[in-house]
Amino acid sequence: MGARFSESRLSMQFESFSDFLAMGGYGFYVWLSFGSCAFVLLSVLLSSLHDGKTLKQQVKLQIEREARIKKAQQEQAV
Amino acid sequence: MLEIKSVTCVKQERCLFESLSFALDAGQIMQVEGPNGAGKTSLLRIIAGFANADDGDVTFEGYSISERYDDFAAELLFIGHKTGVNGQLTAYENVCHWLDVHGYQRAENIYDILAQLGLVGLEDVPVRTLSAGQQRRVALARLWMNNAKVWILDEPFTALDKKGVAMLQQQFMHQLDRGGAILLTTHQDLTAQFSGLKKVILEYRH
Amino acid sequence: MKASHSYWQLFCAVYCKDLTLAFRQRAEIVNPLLFFLIVITLFPLAIGPEPALLSRMAPGIIWVAALLSTMLGLDKVFRDDFNDGSLEQLIASSYPLPLSVLAKVLAHWTITGLPMVLMAPVFALLMNLDTQLLTATLLTLLIGTPLLSFIGAIGAALTVALQKGGILMSLLVLPLYIPVLIFATSAIDTSSMSLAYGGQLAILGAMLAVAAVMAPLAISSALKVSVS
Amino acid sequence: MWKWLHPYAKAERAYQLCNTLLPYFTVFTVVCLVVGWVWGLAYAPADYQQKDSYRIIFIHVPSAILSMGAYSSMAIAAIVALVWQLRNAELAVVAIAPVGAAMTVIALVTGAAWGKPMWGAWWVWDARLTSELILLFLYLGVLSLYHAFEDKKSAGKAACILAIVGVINLPIIHFSVEWWNTLHQGATITKFDTSAIDPSMLWPLLINIVAFAGFVGVVTLIRLKNEILQREKHRPWVRDLVSRG
């Protein structure tokens, strides 16, 4: 009984894909919300990841720059 | 009296000094030397308790200054680059305000001290109309009317003439004689002979 | 040499210094007031001169104008002291910093808030307010403007080290002003319906009490951050 | 607790902790998010009154809850940072703020998109909406204050102070706005009785809330890593880390 109960509840609510897109006439609002939500979530995530990458790049550049300075100083000393 | 224990300071991702330790005892004067950008002012501000060190601790008579700052402040006299003299107020008002804020009584000889500093007749004009050297003298007048144990002075000789420098050093002697300590930065060497002169030299680090 | 000075004398010293300075440059007192007046005159020009409409909107207009003109003087509260180093001297004094801060905030209120309260009857004429509404407006301004000074000074202390902190400060502070605005205008609204508005005043008073205790602490720590 | 926590006060350990936690959080979040969205969009039954438009609830409610949750955790981190002088807590404040602001934006946008078909207006000056908008201002205030300072040490402290001031004010603001709203209420707004929600809708909702919380966690961890790197740029361990690749 319990299994059938949950089965009936957990069924696909839409007949076809176009039905799914239409959302019973509220498609625009639903997809607008979910779309903007996905957009915001993704942009926060990606910008955070991007920040991390740029930071590491900066440190790398700094290390290289210091190596160059050191080399120049050594050459000057010689 | 004043102990600096392995203090580190990092500014704008540049390490100014690392694990710096020294002590300053009663009756001692210490000069911090180093090129521009070496962190002299930063060091002084950390010791005066305005900035926090990235690492390490500053203690005064055994206690950490950040924990009991008000007790330390009672024994501290700090004059920085920005001297705390208000340009709109007169010299006399500036001195009085400073005395009030630090809990000293208004001495009767304020005019005498200002006169001694060469500010006769300029006591009641707005300070902004005075020259840079005269403005600094207004700030330095505090040295003649306090009983702080520690003086921390950032470039006290800036804009002073030779006579002013000599007079200031005389007052340093007086502070040392009564058991006080002085920590200062300066680019020129002290002309007077101090028996207990110590030096800290900061290098410019990349 | 040390000592017989009390907290009260420190308070007076800081408070009097700010007042003296304000009186030396009178613009500091007059400008916010003029601004207050101009903002108020803009509204009838923008929405039309009908007396009924104006007196309906008057409380809101007066309060928004008061908010904006308080902001005008806020930037100055700590800016000059920060620039000339007096702030460091205040921190390096043996007295607790929140006390000096309290004195400075009250000085700011005396310079900008109090004149606004005193001038309010004049503005009331411009907006067709009757005496009943005028009393309510005066009372809310009297309790509300110190609150504005306290909350605003937090923003001023946070942005004092920034060269162009002025606009940023408004952005930080204005959202925090909303409760004051709501309760003040609602008190005036209630009085226009000839109902008791003691409740709103009490809430404003409670907020003022909380701000008077908490804000100096917040401001002091903000100032220490700005100085370091 | 303190003994356990203390080693993580060191930046390098904190960074490693973030690194170990991140995969678990990511997997957990992705799974919850996929399940929550698919269940919410396709399998949850339609509301008998609002039909399919109610499906917005599956992102609106989680983001609204998380926008406030993120602010409170930010404020707690700020208090920890100021009271115990923990640098990493200060960094956490700055790391949480952008995600919190994003959650607030989502809550506002989805609220508007839900309000249009239900109330007939994109925006009404409802107490909850107004408070949410003010919450966004507070987030933006913390962020812009942090970015206005050149010296990031002072910036972090200033942001902490503002976050605490904000959290003290938030209840007052919410209360006053609610009170203002009851005075001025013009249009009738249908309030949804959320307690009577059917289990078949409640489960996907709960999963979505957990998923959003996981997302906040993931982004906070990533940003915390960034902030630690930023602060410790010059330290040897960062250089080793970078040169190792």
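For clarity, chains are labelled A, B, C and D in written order, and residue numbers in each chain start from 1.
Simple rule for what comes next: contacts are C-beta pairs under 8 Å (C-beta built on N, C-alpha and C of every residue); 3 or more make two chains touch, one makes a residue touch a chain.
The structure displayed is predicted, hence computed values, not measured ones.
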Winner on C-beta contact pairs when B-D is weighed against C-D: C-D
Most widely separated chain from subunit B, with each centre as the mean of CA atoms: A
Chain centre separation in whole Å, for subunit B relative to subunit A (CA means): 54
Centre-to-centre distance between subunit D and subunit B (centres being mean Cα positions), rounded to whole Å: 47
Centre-to-centre distance between subunit D and subunit C (centres being mean Cα positions), rounded to whole Å: 32
Whole-Å gap between the CA centroids of subunit A and subunit D: 16
Multi-partner residues of subunit C (at least 2 other chains): 228
Two or more partner chains touched - positions in subunit A: none
Multi-chain contact residues (two or more partners), subunit B: 52
Touch relationships between chains, expressed as pairs: A-D, B-C, B-D, C-D
Subunit D contact footprint on subunit C (complex, rising order): 154, 158-159, 161-162, 165, 168, 171-172, 174-176, 178-179, 182-183, 186, 189, 207, 214, 218, 221-222, 225-226, 228
Complex contacts: residues of subunit C adjacent to subunit B: 1-5, 9-10, 12-14, 17, 20-21, 24-25, 80-81, 83-96, 100, 224, 227-228
Residue ranges of subunit D in contact with subunit A within the complex: 37, 41-46, 51-53, 55-56, 59-60, 63, 98-99, 102, 105-106, 109-110, 113-114, 116-117, 200, 215, 218-219, 222-223, 225-226, 229-230, 233, 238-239, 242-243
Subunit D to subunit B touching residues, read off their complex: 85, 150-151, 153, 233-234
Of all residues in subunit A, those that touch subunit D in their complex: 9-14, 20, 23-26, 29-30, 32-34, 36-37, 40-41, 43-45, 48-49, 51-52, 55-56, 58-60, 62-63
